[in-house]
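Got a structure here, written out as structure tokens. Questions coming.
Note that the chains take the letters A, B, C and D in the order they are written out, and that residue 1 is the start of every chain.
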Amino acid sequence: MLRFLTAGESHGPQLTAILEGMVAGLPLSEHDLLDDLARRQTGYGRGARMAIERDRARITAGVMNGLTTGGPVALILENRDWRNWREKDIPPFTVPRPGHADLTGAIKYGHRDLRLSLERASARETAARVAVGAVCRRLLAEFGVTVGSYVTMIGGVEASLPPDPTPDEYRRRFEAAEQSEVRCPDEAASAAMRERIRQAIQAKDTLGGVFEVVALGVPPGLGSYVHFDRKLDGRLMGALGSIHAIKGVEVGPAFASAARQGTEVHDPIMRDEAGSLSRPTNRAGGLEGGITTGSRSSCGQP
Amino acid sequence: MLRFLTAGESHGPQLTAILEGMVAGLPLSEHDLLDDLARRQTGYGRGARMAIERDRARITAGVMNGLTTGGPVALILENRDWRNWREKDIPPFTVPRPGHADLTGAIKYGHRDLRLSLERASARETAARVAVGAVCRRLLAEFGVTVGSYVTMIGGVEASLPPDPTPDEYRRRFEAAEQSEVRCPDEAASAAMRERIRQAIQAKDTLGGVFEVVALGVPPGLGSYVHFDRKLDGRLMGALGSIHAIKGVEVGPAFASAARQGTEVHDPIMRDEAGSLSRPTNRAGGLEGGITTGSRSSCGQP
Amino acid sequence: MLRFLTAGESHGPQLTAILEGMVAGLPLSEHDLLDDLARRQTGYGRGARMAIERDRARITAGVMNGLTTGGPVALILENRDWRNWREKDIPPFTVPRPGHADLTGAIKYGHRDLRLSLERASARETAARVAVGAVCRRLLAEFGVTVGSYVTMIGGVEASLPPDPTPDEYRRRFEAAEQSEVRCPDEAASAAMRERIRQAIQAKDTLGGVFEVVALGVPPGLGSYVHFDRKLDGRLMGALGSIHAIKGVEVGPAFASAARQGTEVHDPIMRDEAGSLSRPTNRAGGLEGGITTGSRSSCGQP
Amino acid sequence: MLRFLTAGESHGPQLTAILEGMVAGLPLSEHDLLDDLARRQTGYGRGARMAIERDRARITAGVMNGLTTGGPVALILENRDWRNWREKDIPPFTVPRPGHADLTGAIKYGHRDLRLSLERASARETAARVAVGAVCRRLLAEFGVTVGSYVTMIGGVEASLPPDPTPDEYRRRFEAAEQSEVRCPDEAASAAMRERIRQAIQAKDTLGGVFEVVALGVPPGLGSYVHFDRKLDGRLMGALGSIHAIKGVEVGPAFASAARQGTEVHDPIMRDEAGSLSRPTNRAGGLEGGITTGSRSSCGQP
């Protein structure tokens, strides 16, 4: 069983994460974490702070001679501009912003200076989770599992992507997303999204969006129907739903499927002459009865 | 901290649930559980078995003289038709149905007779969770919290419901849903949904749908942003996503909001002359930064 | 991961346990649980109620056709004399007994009638745990692991048992304990213990004691030093320490070893000519660094 | 609910701990942790490394302006001599020491170089737990709870301490222990213990011992009998039993009490004329039915 805790404020000295339960003998270096941390910092229209940070996670425990030891892995991400902030005399922050934890945090914890909430409620916390995720990605790689993602909509501008993608098409999307400033694999939509963001910035507004996460190479049999908290769909929805700004999650095209008939939605199980089973479609997002089917699992979140 | 386990197969002798962590001194009787169990069994077009069952939960632990003792609460739901099944000589079930745990369960656990999966993966398991939930509803009632729900779409037929409902309007919907065979508060849509279901049954097909769950009277301050697994939105999405057939969850109108601008989505915080804060809207589903705002929380799921 | 919950009051209708996380395909019947439940009910000088009960656990979930399904296992132990008690008009119990949860339970939960504490704090609850343990014993048997126990002291009367027992000697003790009314493998001590108990009963007093639990056939490598809550010694001490009336636990002869030198206590690792490792002694109770050594694990508790 | 994870190897760059679930508004500074960290490093006959270290924990998260924020608290303890070790070319360590995790760790994780086990299995890990405990001690102080400890036996040399100590006597012992190089409040025994240790060092041997931990000012009502894993005695035994080298734990004088009669062991509940209850003795270690009595709780461990 893997478990982890994260700690750290947005303008504190560092973010810290401990990942406990890792196997021994997995090759792991700080280099393995760079790509995921860098990806979190890219994006058209992101705040200036991103340029300052250039996150780098130090591994201070759980790895010796380039291999995991089986002990807890500690990850440290220094906040490079902390020293600048420490010197400053920052007046208390007292006007709560809607859509943030400013007001709810103040009510819950009795904070008068809202900075006590927003420093921890900041999206910067996800950097620690990204580092933890990058270690897990290294473990999944040993089993041939790849996880990728791309943006399908920003502020009403939707990407045009062919339906029923093959694993190769998914891989192409992952790569195309890496080339796009808005992480959208559709070039024309990318340009329109950038323009939409530019307008929103000018209007001092923000935009919502939708992205898709796809795991390729997932073996069948992960998760279970035997108890509600072992169902992998529920666990994935809970995990993704815990990310800042995410207010909805679907496994496969759930909301669209909800308007259809079972025969149009369920993925038929075909049996060929040799007796082996396959499914021509994957509308269930690779999960049936809370267990992976061995098809691609995919989730979308606004 | 409340925790619970459920056990039981669809055609076994009984379902069992244990709810641990309940307070002492809460008035609780088997009568309190009847309405919720009955609601699970209603619905136009449901299987014939529903008529046989008429679920009733016995409380066999944790309550003395009509009050909870602080000890674990045990709930037993007998399967009335178990004796009929026990006598029967049921041939192994070997053709996996798509959209169920038949195939994934067989792969995971090595079952040859698929009944070993489907007996537990059956939606009947939710009866135990409904009983547990009914106990929790009794606890919430002490704090003035009411949880209700209604159907907004079945098989493409959508209910027409006015936007921005008040608590009273929500209560009206809960009551109207109780009167509708398809649990939809819009009468015209109810009729159309029944017709849609009739057609699907005739075509030996099934239908998807969407429902909304709303908690009224929720105090501010539940949940937290301080750690990912304390965020109440993530926890609600995980819990709802663990229910059979649910593949997507949104908190507030998340997927619709994703196409809009922040100023159109975030709920402004208003301050009146006396200095007290209020919000004219609740598009965040009553949750900001993973903490309840004290506005209504609502989730929709397909 | 196995987890379980128990519920039930001493004079309520039944005890209930749910064991979640069991593997599929394990042969399991109600018959497998009888011996352990019967052992709990034997013992010279035990209350008259033991005779009434003759515990029998019904398995109402998680087993089909004699094999576990992978789903949660539910165990029901009816309290045979419940009906007798239900009719009675029992006056509130208001004088707290020392050494029980009567007073502490009343303080914690606000109970006025102390029966609300003592019904759950009763040692009868352990019957549910014994049933859960018997299922786990069935699983351990598949790996050749046997767990046995015997009494070494009652009320100051100590058994005389040769030091450094072999696995065969342990097995002999388990069997001899089954023949003794006080579960002591030393016949002479057994007689003296019975006499000691007879005196205590006459004096309306009670007695303390010490017993030893030994697991044979345990493979090396269970538990871990990597995190405090994975150390098997700590987990065993916590589990045994949660049993009613147990106030102390040692792994191996810990308190005696505490007065000695390391060279007299640590179990030397010998290497024979073929290079294979063995240990002539097992003073560590089969656990080093929180991990099983593959030697016998043993714990004693007063 | 408080939970924590620790990470770090004995000769790695640093130890790390994250404590999650802390309240907001608690005054906390790095200074508060110094005494407990220093105490861990004292002791006659301890290795030379202790002198190098002089542990100091940095708080890198969860505290702003001297008060906890409610967010996770991160604690960093640098290993001062890490740089020295990093340069060294250390040959693999291949001869397992009895009484350590060297062999069991190698078996479990497949390590060939035993350093991969011993670096994490090292007692140095407890420094991180001491830092976590010091934060918790700060929280307990707000409720008037004090936790102290002292040594009662080393290598067969026992302290002579009067029975039935009052809270003031306990406080005197805590203070006397601080003055003793072997943390024993009995001066004559202290001298004999030092001599015993000197002999053992000369003989290149080690010694066992027993210490007592006492919590003063504990309110009644902590822990519960309602479920086995809520019993505070079991939880304390599990927590203490997870510390390196601890193989036995008793709550109150359990092993001695085991040889006595109930009337000699249980703490009578007295009722004075005003109706208030008290207990003249505390042989139960302040815990009845898994719940604190409000008397002193004490545990001893070899």
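We take it that a contact is a pair of C-beta atoms (placed from the backbone, for glycine too) under 8 Å apart; a residue touches a chain by one contact, two chains touch by 3 or more.
Because the structure is a prediction, the values reported are computed rather than measured.
A.B. asks: So which chain is the furthest away from chain A, centre to centre on CA atoms?
C.D. replies: C
A.B. asks: Pick the pair with more C-beta contacts: B-D or A-B?
C.D. replies: A-B
A.B. asks: Where the centres are mean C-alpha positions, what is the separation of chain B from chain C, in Å?
C.D. replies: Averaging C-alpha atoms per chain gives centres 39 Å apart.
A.B. asks: Nearest whole angstrom, what separates the Cα centre of chain B from the Cα centre of chain D?
C.D. replies: So the centroids are 45 Å from each other.
A.B. asks: Approximately how many whole Å separate the CA-defined centres of chain A and chain B?
C.D. replies: Centres of chain A and chain B (C-alpha means) sit 27 Å apart.
A.B. asks: Can you pull out the residues of chain D that are in contact with at least two other chains?
C.D. replies: Correct list: 5-6, 20, 70-72, 108, 120, 224, 226-227.
A.B. asks: Could you please specify the touching residues of chain A with respect to chain C in the complex?
C.D. replies: Residue list for chain A touching chain C: 1, 20, 70-72, 224, 226-227.
A.B. asks: In their complex, what parts of chain C are in touch with chain D?
C.D. replies: Of all residues in chain C, those touching chain D are 5-6, 96, 98-105, 107-108, 117, 120-121, 125, 129, 153, 155-156, 200, 203, 205-210, 220-221, 224-229, 231, 233-243, 246-252, 254-255, 257-263, 265-269, 277, 279, 284-285, 288-294, 302.
A.B. asks: For chain D, which residues count as touching chain A in their complex?
C.D. replies: 3-9, 12-18, 20, 24-25, 58, 60-62, 64, 69-74, 76, 108-111, 115-116, 119-120
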